[in-house]
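We just call them A, B and C in the order they show up, numbering each chain from 1.
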Amino acid sequence: MYLKLLSAVIVFGAWEIAGRIPVSYAFPTFIESMVALAQMTFDGTLFTAYGETLRPLIIGVAISAFIGIAMGLWIGLSNWFDWLFSPIFIVMQAAPLAALIPLLVMAYGIGLTSKVFVICIMAMPVIVLNTASAVRNTPSSIKEMARSFMGSDLEILLKIIIPAASPVIFSGLRLGVSAGFIGAILAELKITPTGVGDIITFSRSIADYPSMYAAIFSIILLAVLFLNLLERLENLLFEGNNRGYVSD
Amino acid sequence: MRIFFSKGTTVVMSQTKGAFAKADPLSGENAVTAHKISKSYGDVEALKNLTLEFPRGQLTSLLGPSGCGKTTLLKIIAGLLDPTSGEVKVNGKTVTGPGPDRAFVFQDFALLPWASVIRNVAFGLELRGMAKSEREAIAAKYIRDVGLAGFEKSYPHELSGGMRQRVGLARALAVDAQVLLMDEPFSAVDEQTRRKFQEDLLSLVQNENKTFIFVTHSIEEAVYVSDQIAILLPRPSRVHEIIRPGGFREKGVDNIRRDPEYLDIVDEIWASLRSYVE
Amino acid sequence: MKVYGYHLPAMSSLILWGILWEIVGRSGLTFFIPPFSEVIGTLFVIIGTPAFIKALSETAYAFFAGVFFAVSIGIPVGILMGKNRLIDELLLPWVNMFLSAPLTALVPVLMVLFGFGMKSIIITTTLFAIWIIILNARAGVRQIDRSMVEMARSFGAKPLDAFFKIYFWAALPEILGGVRIGVIRGVKGVIIGQLLISIVGFGALFELYSTNFLMKHFWAVLIVLFAMAFALSEVLAYLERRVAYYAAKR
């Protein structure tokens, strides 16, 4: 714990010193940036900005989660669906989908739709692939057990496969949210500057570097804290699952 | 550790009639029959034309080297696998799938890691659509019977291997099936726990009027617990021999392993299996 | 997937999707989706053009430079973290943070610090790729069986010997796994960097095609890009499987 604190002090200290030298005219000190962050927080600009940034993110992640989990379940359960759809998501997972952004802008304009789309294509593949592999990897002995006690297919899906797969599905969702953050910021920087992207772009254009660094710092902090929270929640919810399959 | 299954009696074989002396009217009748069972996976023949009868109220072991198809046969009886040809009858009815007359005990326990002990034990009843309060009352009774009272709210990962298999056994007993199918149930627990399980199994066979089919790869275990041992040999899979151990069981659990007949049977089986072990 | 006993190869459904694309394209449903055959035709036309070759070589340069830095810094740092507890405690929170942080937000900083050129794109690529490489190298070193190290020492291995004969090989499956994921992330990083800076490589090409509504060209470049990214990740997965045979057996 002390070491973590020490390591934070070292890094922020290095930032402060580098800013004071300064290594670049565009490199403000840590303290300047934090002052700018406090200012933006107190005059409310940060909150309105996050309202705008988080809207497409939440919509996009919700759509991705809903469609992604449904697709993943289906792919995991049906060989035919697996054959048909898996390759698409495997390619999507490996490919730099960000390259689609100019096309999306042409097709859907520079509004909310495009941004939601960007977040969806970034977040969906990992959710689908995680869900499908979780379903496929349900231990066969507990499926057999349910069958031997005469569970129907629906009961096996609801009482065995989904609970058994949920830790991996959940971590897929977490990775999806992480990719969604990347997409959300990319969309704001590339498509139209709104929300936090607007603060970043605008303060860069007027050379108000402390505000720019503060905005970037805040979005990274927000994403990391939120993802950490999800990870904690995951450990809390599925504590038993992680160790449960061991049969020593 | 408490005794495994205590329906009023303790594990003293000599006080009750021995396993073989169970000459009740039903002893001639077979609870389960497997008739000319074949099972092949593609070109591989797991079982070929296998016929075997399982007397009611007794414990029959399927013993053999790995690859002899003993687990396959058990799963066919359970209805988890379909035979390529032949049929299995349980109480005269042909098996077409899993049924309420059979319950399975799994080698790796097959417990639901996200469910408490009581829900795991009640799971078979849950799938039969029994109301929650009713099935939990039944489950609680069997949890007590297998000696896990106080662990109802625990989760599988908090239990030792032996305790987990007790949960698996309680789950199979809770559905009150007439035939218990056990797939190497003690192979994943340590040696001492296994011995305790074996003693408890003997009293279970004594006190419950159930038919047990027990897959094992341990010769000593098979001779110790069985009324009838079917020795299966691979390539092609077939029943090599059926051995019915005699009276040594009446001398009490403490004396079985010293009995000359016990030792002779163990040696005899090893002699016939030896050439099949790589 | 089997149809009437005939085994369909895993990725063969992509042919079906290609046909579907062709039908949608021919139906004239939308301007944005030209027929697949025309896209492929365009692909062969532009693949030799100077503009394309320039974009490709610029991207490849930025990518390989970025990945080179990520690997040559990431692996030693990871091994160091795996072996030294103090360094581990100091660095791990930051590595974990950057692993999940939306790194796109850092690109504007790189732009003001390093200019609108190649340097920023290379650093973006490195930033995307390095964290998972560090983490995996660390995990690889940490899982090494103590008894294997003790075996080497009991036979009189010197520290340097132990490092190259034991640590490196024992951790290799994990390290390669990290490099594979890192490279895939690097591909995404190089494209994101080019899109945001958009005066070099494919970024510039995309800008050119989309402002002139050259849909076939756009899709053709996308296909080349996706195919290369996918091929790269498959090659690395193959390499990883080559060493994975002993990963499970340790």
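Quick notes on this structure:
In this section, contacts are C-beta pairs under 8 Å (C-beta built on N, C-alpha and C of every residue); 3 or more make two chains touch, one makes a residue touch a chain.
Everything numeric here is computed off the predicted structure, so don't read it as measured data.
When every pair of chains is scored by its C-beta contact pairs, the maximum goes to A-C. Averaging Cα atoms per chain gives one point for each, and the point farthest from that of chain A is the centre of B. In this assembly, the C-alpha centroid of chain A lies 18 Å from the C-alpha centroid of chain C.
Chain centres here are Cα averages; for chain A and chain B they lie 49 Å apart.
Centre-to-centre, using mean CA coordinates, chain B is 53 Å away from chain C. In chain C, no residue touches two or more other chains.
Within the complex, the chain A residues that touch chain B are 139, 141-142, 144-151, 155, 159-160, 163-164, 238, 240-241, 243-248.
Against chain A, the residues of chain C that register as touching in their complex are 1-2, 8, 10-14, 16-17, 30, 32, 86, 89-91, 93-94, 97, 100-109, 111-113, 184, 187-188, 190-192, 195-196, 202, 206-207, 209-210, 213, 218, 221-222, 225-226, 229-230, 232-234.
Every residue of chain A that touches chain C in the complex is listed here, in rising order: 3-4, 6-8, 10-11, 24, 26-27, 79-80, 82-88, 90-91, 93-103, 105-107, 178, 181-182, 184-186, 189-190, 196, 200-201, 204, 209, 212-213, 216, 219-220, 223-224, 227. Contact residues of chain B toward chain A in the complex are 75, 78-80, 97-100, 102-104, 106-114, 123-124, 126-128, 155-157, 161, 164, 175, 188.
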